[in-house]
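Before I ask anything, here is the structure I am working with.
Going by the order they are written in, the chains are A, B, C, D, E and F; count residues from 1 in each one.
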Amino acid sequence: MTSNASPPISRYPVPSIEALPDDLRQRILEVQEKSGFVPNVFLAFAHRPDEFRAFFAYHDAVMLRPSGLSKGEKEMIVVATSGANDCLYCVVAHGAILRIYAKDPRVADQVAVNYRKADITPRQKAMLAFALKVATRSQELDDGDFAALREHGFSDEDVWDVGAIAAFFALSNRMANMISMQPNDEFYLLGRVPRAS
Amino acid sequence: MTSNASPPISRYPVPSIEALPDDLRQRILEVQEKSGFVPNVFLAFAHRPDEFRAFFAYHDAVMLRPSGLSKGEKEMIVVATSGANDCLYCVVAHGAILRIYAKDPRVADQVAVNYRKADITPRQKAMLAFALKVATRSQELDDGDFAALREHGFSDEDVWDVGAIAAFFALSNRMANMISMQPNDEFYLLGRVPRAS
Amino acid sequence: MTSNASPPISRYPVPSIEALPDDLRQRILEVQEKSGFVPNVFLAFAHRPDEFRAFFAYHDAVMLRPSGLSKGEKEMIVVATSGANDCLYCVVAHGAILRIYAKDPRVADQVAVNYRKADITPRQKAMLAFALKVATRSQELDDGDFAALREHGFSDEDVWDVGAIAAFFALSNRMANMISMQPNDEFYLLGRVPRAS
Amino acid sequence: MTSNASPPISRYPVPSIEALPDDLRQRILEVQEKSGFVPNVFLAFAHRPDEFRAFFAYHDAVMLRPSGLSKGEKEMIVVATSGANDCLYCVVAHGAILRIYAKDPRVADQVAVNYRKADITPRQKAMLAFALKVATRSQELDDGDFAALREHGFSDEDVWDVGAIAAFFALSNRMANMISMQPNDEFYLLGRVPRAS
Amino acid sequence: MTSNASPPISRYPVPSIEALPDDLRQRILEVQEKSGFVPNVFLAFAHRPDEFRAFFAYHDAVMLRPSGLSKGEKEMIVVATSGANDCLYCVVAHGAILRIYAKDPRVADQVAVNYRKADITPRQKAMLAFALKVATRSQELDDGDFAALREHGFSDEDVWDVGAIAAFFALSNRMANMISMQPNDEFYLLGRVPRAS
Amino acid sequence: MTSNASPPISRYPVPSIEALPDDLRQRILEVQEKSGFVPNVFLAFAHRPDEFRAFFAYHDAVMLRPSGLSKGEKEMIVVATSGANDCLYCVVAHGAILRIYAKDPRVADQVAVNYRKADITPRQKAMLAFALKVATRSQELDDGDFAALREHGFSDEDVWDVGAIAAFFALSNRMANMISMQPNDEFYLLGRVPRAS
């Protein structure tokens, strides 16, 4: 049914790992060792080393920072806003990470399609409503939006986290859409099948 | 991370299979025997037997009719338009069916998120562009849309099939969204793992 | 000012009544006897007998079912949602039926253009607000929408009726738009002039 | 089915004809003599005499000016753009005028709902496409839009007429929507029934 | 960086002031004496003297009328709604007038881009929210919108002023967009630099 | 007319320059020396040093990189996409920078409101059309969009620059909107008045 050859992972040239600056190669080898494969976003962004460095520094700043949001909740934001932006790479890749963190094989598909129907808590639904407003009509954000999150126990710093993740993936989704970045085949299945059971 | 109890499969009461009219029970037992489980759409629609009968009669009329579209292509239309309508049940359930027909574990997620980035043929992309126009702005359809499909070898009857499937799932998506229909857990994984290889 | 020849009633071939399967011909003759003419939707859908049967079975299941909605209120839903979908056939044909049921020559035009300005009850305006949400952004439906209708005295089954009618005409509008179905000339005037009383 | 008392013709006070400045009363008596009734727009705008004068001066400047557009074509623009703006008063009142000028009982409903399905000429469809772009996304107008009308034989002055009518009714529709202006009952039926029968 | 020759002030012919009817020439000379230059809107509309007269009569009726709105508040409405309609002429020309009336070099840019972030009063923000609803979705206006303005002390006549200004500039913005009207160079700087320093 | 006290430059706490990590303080002092003041974006982002570092690293990577785009053209992209996102800070601050680079006091207002009416080259208009598609509907980008830029002489690397700038300011606009970042007063006037006069 589908075409024979896989599409390229990016519209732009993808450098070989050997040819990369040391710090990029180092980071890529680390993620490969940890994950068992190199997510295509590392290879696609390696076409522009300075943007690679800034991109992953930003990613780490918002995604790894200690927060009132759990790691899974941060990935929910990524998946929900990437769904709103129709970004294939981010929905599939971060959907996998969300399934793993949440230990739930269903939540990523739910959040990507319609968080209102997802099997998540009211607090998480409020968080995603705020994130989607940042993603799609940030100009309309007002005090009421902050108050709604405070009612669910989010601190002001937590709210910044919610918005900053949505804002960072507004960048990421647009780059992936522009360069037609393809998710690795591995991501489609990761976290769907119970491990050692 | 997620709540303990699964949400109900519908906002409305779900009758027991035993209490159903004979023809509904018969159809449900047949699908159970064939699939190994009863897709929730059968149970949720059983709340209204006359609508159940008409719904599945319509489904069969457009989905089982011999056509220039393959079974997999018909399911692509379902998944792409259900994605545009943010319908969780249809994306997940028909995503599973699409993976099985297409023998491809990736195509459903691709088509649900953004068919333009999917690993499908130009003919299939033209088909989905037409289907999405039926789904989201059918008032603007004109001769040019029909001509575009004819250029890809679709007959006029094939085009009716494309549009009729998109139109039927416009109904289906709205009902599922209104009653908060939940996909069976089985659908999330079906067709993702190679069978006995 | 306008072109001389009327446009065809459908982009697709329209079978002669004589050539139809018995059950279709029977239904068409009945409606002709009752109405004095054959609404074009019967002829246009007769191109596909299986879809004809399912379409009218669905129509009857949602439109003829005993309900807390009056016949006129059901037609209001049809006209308002068909107006939102810019569906010429359904606005004109069901506008006529609405005028007859409501014994009001103005209500159909009001509801088709803007139900907020129509001379109808607050309960009917709430009903149409729900129906239009089903028609245009069903993914956002939530508990608040159901609560709003309950405050106006609608039962849960009544709400299903509202949504199911809006969902069925989401299908109907898209088919009519795709095949450029034309309303019969009779519909434009029906119910506008007081009978002989 | 509908409420007993008719809604007021405007949210704002409507002055008695006797209390009006002479020029307003004169104009109103003239239209009453010509039409047999006073269209509500004259009464509603009489609340603000200076705006009344400017409104009808503008109306006359764009609607009565000799033009490459026929009187019926000008009214088509009014009806189509008022339909896009969901303006009940203008769709119903100018729909009546269009039916009379066009001597066609069907064209107003067609153009109000979806001009693409109306029984009008390709030239008229191009004219309405331009008018609707002025009405709904004038910021995107470019040379291509002007070229498209020139290909159908419209002069530059004709194009100004098309745009100016759409622009004037952008004002008119917004005022009518704001003050909830109601069309006179007479308009609903005017031009629908052949005269001499 | 930019092209050498300035673009024409209108797509349409601009008459010489000498060739104009007396009343138009008179008005233009007055504004020139008062402002030190002739705003291009006077020249562009002079192409159609009847529309010129009606346009400025309407402008004066809504902008010069004594009102509960200050002159600066009226200009805020012009700038905010013209921003929503992406109208270059009106944002730049009325932005200048707003700066002068408000004696504030920043408010026009703030209101043109996003009134929610502007350094204005809550009463003014409520006024602009109403004006923008008139400008962009007037069909949805309802009692709640009027109540919101009354809570901020606006009388019913003040609300008419708000809506009428938004409605008039709906016309003005569309004409300016259609004819590609260019603001005079003077407007870009007016009101930005403190006078007597 | 406006409130007395200026609004804070951010919803979030703004650290004193003395309390900042050395590298942040260093960068801020450098920009102060160069510009004569500290743009508020530096102070607002200093609330989160890691995000500050990544933000400005990304900014420099896309804005300072040698490119087929001039410095002024890069700022045009910032201003046009920030206008589409209704971001007050970025329109005003980068509008100033654009005026300075372009030595043109009008271009920033033109591009912020409607680039189609701006006094720029066809090549620049094509560039902004691509940038705005990245900003507002990146999921629809396809080969045709790349081909359109190539026809105007943009290399593939230039196109990446266009898209990467639009994508980075998608992030920046959302952060500024979320934290209600205010532009410095200086930006409103910069580049509007000829220097040596």
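By our rule, contacts are C-beta pairs under 8 Å (C-beta built on N, C-alpha and C of every residue); 3 or more make two chains touch, one makes a residue touch a chain.
Everything numeric here is computed off the predicted structure, so don't read it as measured data.
> Could you tell me which chains make contact with chain B and chain D both?
Both chain B and chain D are touched by C, F, going by the contact rule given at the top.
> Quick one: how many steps at least from chain C to chain F, stepping chain to touching chain?
The fewest steps needed to get from chain C to chain F is 2.
> Could you say what rotation angle superposes chain B on its sequence twin chain F, using C-alpha positions and rounding to the nearest 5°?
120
> Look at interface D-E and say which pair in A-F, A-C or B-D is its repeat, using the rule that over half of the contact pairs are identical by residue number.
Having compared contact pairs by residue number, the answer is A-F.
> Are the two sides of the chain D and chain E contact the same residues or different ones, given that same means over half of the numbers occur on both copies?
Mostly same residues: over half of the interface numbers shared.
> Would you mind checking which chain's C-alpha centre is most distant from the centre of chain A?
D
> Centre-to-centre on C-alpha atoms, which chain is most distant from chain B?
Centre of mass proxy via C-alpha means gives E as farthest from chain B.
> Taking each chain's centre as the mean of its CA atoms, how far is chain C from chain E in angstrom?
44
> Distance between chain B and chain C based on Cα centroids, please, to the nearest Å.
Chain centres of chain B and chain C, defined by C-alpha means, are spaced 25 Å apart.
> Please tell me the distance, in whole Å, between the geometric centres of chain C and chain D computed from their C-alpha atoms.
The computed centroid separation for chain C versus chain D comes out at 27 Å.
> Would you please write down the residue numbers of chain B that are in contact with two or more other chains?
86-87, 114, 139, 177, in rising order.
> Chain pairs in touch?
Every touching chain pair, ordered by label, is A-B, A-C, A-E, A-F, B-C, B-D, B-F, C-D, C-E, D-E, D-F, E-F.
> Which residues of chain B touch chain A in the complex?
For this pair, the touching residues of chain B are 1-3, 6-7, 70, 72-73, 83, 86-88, 91-92, 95, 101-107, 109-110, 112-114, 117-121, 177, 180, 182, 185, 188-189, 192-193.
> In their shared complex, at which residues does chain F touch chain A?
So the residues of chain F touching chain A come out as 11-12, 47-48, 50-51, 53-55, 57-58, 60-62, 65, 85-87, 134-135, 138-139, 141, 146, 156, 160, 163-164, 166-168, 170-175, 177-179.
> Give the list of chain E residues in touch with chain A in this complex.
Within the complex, chain E contacts chain A at residues 114, 116.
> Help me check something: in the complex, which residues belonging to chain D touch chain F?
Against chain F, the touching part of chain D is residues 139-140, 142.
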